[in-house]
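As structure tokens, here come the structures.
Two complexes, one shared chain (chain A), two partners (chain B, chain C).
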Partner chain A sequence: MRRHRLLDILSTVTVISLGLVTVIGLLSDRDSTAGEMAGFLIQLVALISALAVLVGIVNLLAVHTGRIRHTEYGWPYSLIVLLAAVAVVVLRIIDRAEGWSGDLEGETVSLRVFEAVQVSLESALMGLLVFFLVYAAYRLMRRDVTVWNVLFLAAIVVVLVGWIPLENMDALGDVRDWLVRVPVSAGARGILIGVGLGTVTVGVRVLLGQDRSYRG
Partner chain B sequence: MTPENLDTIAGWVSFVLTLLIFSYLLGDNILYRLAVNVLVGVAAGYVAIVAVESVLVPWLDDTLLAAQGDRSDATMVAVRVMGMVPFLFGSLLLFKSSRRLAPVGNLGLAVLIGVGTAVAIVGAASGTVIPLVKAAGESMGDDALEGAVMVVGVITTLIYFQYWTVEHQGRVMRAVGVLGTIGRGFVTVTLGALYAGAILTSVAVFSDVVREQLQFILDKVGG
Partner chain C sequence: MIENNELTLVLILVALAATLAGRLLAKRWRLHWRSIPAYVVLPESAADAVESDNRIHFSMGSSAIGQASTVSALVTAELVYRLSQRLVVSRQTPLITVSDPVTLTLAQDTLRRAYEYRCRIERYHSRAAAWYPQGARSLVFAAGVSSLAADADVSRSVLLGRFGYELALLGESALRHGQVLIAHSDRIEGQAVAFAQAQQVLIGEELYVGPAYMNGRLIEQGSVIALDLLRWLVIVGVLITALQAL
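Now for the complex of A and B:
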């Protein structure tokens, strides 16, 4: 542990100094030296984040390659992950190199694959969510009937039923509109302000060196 | 192969993958897991492409691979050195995979955390807290009753969260407890409405997915 003490101090100094420089830069005029410095640091972080994402993906592929090599449980799924990732990258490289010939010349096949696979799968998963949301609400009442559960479900029912365009039931729509406009808006603002205050508090703790969990 | 053939193949792939995902309604099964793993692989590939094409390549073009033009040699050296800085810090992250050398990787992480924290503080203060507090105060002007409910809702919601972080003893804290209970009501109604919103959104997506896939099959069957 003692060997890394200097590196730990260097990490803390880096966090505090870069954090303070960025805060000052963001609060300064954009054309000032501090503002330009903050802009450069944010760009630097965007680049490091992109590199971190690439490191993560390489790690993901390495883990799945290891599972295939050792024929661990579920290795065919790992093979699918690898093949899908490699196929997408290869298609994109061919697109960039304008390697398609014949009728496909000039086509961006990788975008079509994106729509056919990624968009379809994500839409289907989102559609699947409706069953679990309704079932979870049903299970909530089966589990325990409390004031808060009843209030929660009443809010759900009012919003859902108020959404249905029933004839001669304008009052229900009005109740729904009022609920969303006043108490829900107030609650949402309270939650968001709480999240904002929490973010500022944790951020200040990090910049003051009180929270050094990133050294772990 | 023509673009039309490609569209047909894409349509069938989309149809089959949608069915595989919906097979989860029968329980966790091999078909669902197959589709999810395809999603993981494709998403990983696309994220890598976006990271390289949208972030790294433009930076390389502007710095390490930039043409000299009418810039001096000293300027070009400075540009190329600056171009290497993110790669230096990025490469430090590789040390995180080693338990012994992980503290070296923390230096790369420290840059991310330092700047990220600063952006989060300024963003949360100027983008969330100040505008929302201002909006809550301004709501008093429109309708006195609604404005009062709004202000009470915002304050009691904040008290509700604070209420749970302190021990509630004494008369003052009991009063805070009552306000916290009112706040809990606002939070519950808000989460209920958001939950209903999520149900409505997923119903809309579900109906759209089913309509799209049925339309594709009907088009193919009908010729």
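Now for the complex of A and C:
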């Protein structure tokens, strides 16, 4: 209990002091001591983030090894994940060692595999998103017909139909442009301003050492 | 160097003063907040999950400590902690997914603290928080998380933090597997998808007031007052600027 209290105090003091130094540094000249200090801290965060990828990879392997060991539902997919992870690492090592011969000599096979598998899979999923969204709009109306839902659906229909390159559809195209330029843009800005203000108020709580989410 | 330094400093100082003043107000009077349906449903969902021995899946998306979304990661972690305090009495461990490795440690720590709070630390295992790489369009993350949540047989998916279009994939998978979906995103495209798909949606800054709505401490209630004050200041500022432009 005492150890936890000490950790609490230590983490709070660290957050308050480093937070204040960063804020003061960002508000000062970049060449000033405070500015340089803030720049150093930001670089330190970037370095930690890069190193933390290793933690992520270890977690990924641990989660899927655990699923295989306990033969949890869907464990064969976890096996595929592990085999794919090992294969990528092996390919990368061979690439770095320039170990390919024949037609593959000088090639970066890991990059080619990445483009052939991941990029095409992501593109396919991206294509599916349109259908998910249209179905979601249909489901929205089935769930509850409110003024806002009708407005949302009407905007989607106008924007989608407005993109159809047919003759005599200029008027609808103009409506689409107006919708995107005025109400959609205003709504988006409103939401983003709200998010910004929310960030400031929580940030102040963090600087005061009153946010408990990071404590040990 | 930040542009408009004076404005930034004023904003921070106003927020600080309003938060402290709001804390005093909350201490003196009992404040009544407007109802946000998602914050009514979330504790009920937690209670329901415990009673029916079901699992809840939380996702922080690409909210990342050390980046612009640090605050959304912290707030989401706090909300997950408060709900997990109720959930960890059950046999089913909550599942948390993230796409930022630094946030992974925050997620694991959040769960550990919840188990410690209930004196059940022996039931905690770090594998309950899972990391999936983000990929170019976050679709790798969405595909991995949907599959994990479906296999873990979760009954509710609570997606809070930073999501883009990939939220559609996560949401579709959740609804297809009969999960209740509660969603939020601090990005516009994710927010639009959340509005269309989720049974309960949090919009914009509603995420940041979450801790005040769930057994909020005085300082968190003060934050809500500060947020409202800042919102009114922005509204007045926009109106004055618009009138000047006429």
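In the analysis below, the second predicted complex is superposed on the first by the 210 of 216 C-alpha atoms of A that agree within 3 Å, B and C clash if a C-alpha of one lies under 4 Å from a C-alpha of the other, contacts with A are read in each partner's own complex, and residues count from 1 in each chain.
What we mean here is this: contacts are C-beta pairs under 8 Å (C-beta built on N, C-alpha and C of every residue); 3 or more make two chains touch, one makes a residue touch a chain.
Given the structure is predicted, the values throughout are model-derived calculations rather than measurements.
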{"item": "Partner chain in contact with A:Val200 - chain B first, chain C second, else both or neither", "value": "both"}
{"item": "Partner, of chain C and chain B, that touches more residues belonging to chain A", "value": "B"}
{"item": "Touching partner for A:Val63 - first (chain B), second (chain C), both, neither", "value": "second"}
{"item": "Which of chain B and chain C A:Ile9 touches, first, second, both or neither", "value": "neither"}
{"item": "First, second, both or neither for A:Val23, with chain B first and chain C second", "value": "both"}
{"item": "Which of chain B and chain C A:Val159 touches, first, second, both or neither", "value": "first"}
{"item": "Partner chain in contact with A:Val55 - chain B first, chain C second, else both or neither", "value": "both"}
{"item": "Chain B versus chain C as contact partner of A:Arg139, first or second or both or neither", "value": "second"}
{"item": "Which superposed partner A:Leu111 touches (first chain B, second chain C, both, neither)", "value": "neither"}
{"item": "Touching partner for A:Met169 - first (chain B), second (chain C), both, neither", "value": "neither"}
{"item": "Doubly contacted chain A residues - partners chain C and chain B", "value": "23, 26-27, 45-46, 48-49, 52-55, 59-60, 77, 81, 118-119, 121-122, 125-126, 128-129, 133, 137, 152, 188, 190-195, 197, 199-200, 203-204, 206-207, 214-215"}
{"item": "Chain A to chain C touching residues, read off their complex", "value": "23, 26-30, 35, 45-46, 48-49, 52-56, 59-60, 62-63, 66-67, 72-74, 77, 81, 118-119, 121-122, 125-126, 128-129, 132-133, 135-137, 139-140, 143, 152, 188, 190-195, 197-208, 210-216"}
{"item": "Chain A partner contacts - residues on chain C that touch it in the complex", "value": "1-2, 5, 8-9, 11-12, 15-16, 19, 64, 66-67, 71-72, 74-75, 77-78, 81, 100-102, 104-106, 109-110, 113, 126-127, 129-133, 135-137, 139-140, 142-144, 147-148, 150-153, 165, 168-169, 171-172, 175, 186, 188, 191, 193, 195-197, 199, 203-205, 207-209, 217, 219-220, 223, 226-227, 230-231, 234"}
{"item": "Chain A contact footprint on chain B (complex, rising order)", "value": "1-3, 6-7, 9-11, 13-14, 17-18, 21-22, 24-25, 33-49, 51-52, 55-56, 59, 85-87, 89-91, 93-94, 97, 103-104, 106-125, 128-129, 132-133, 135-136, 146, 149-158, 160-161, 183-203, 205-206, 208-210"}
{"item": "Chain B-touching residues of chain A, taken from the complex the two chains share", "value": "4, 7-8, 10-12, 14-23, 26-27, 38, 41-55, 57, 59-61, 77-78, 80-89, 92, 102-104, 107, 109-110, 112-131, 133-134, 137, 148, 151-160, 163, 179-197, 199-200, 203-204, 206-207, 214-215"}
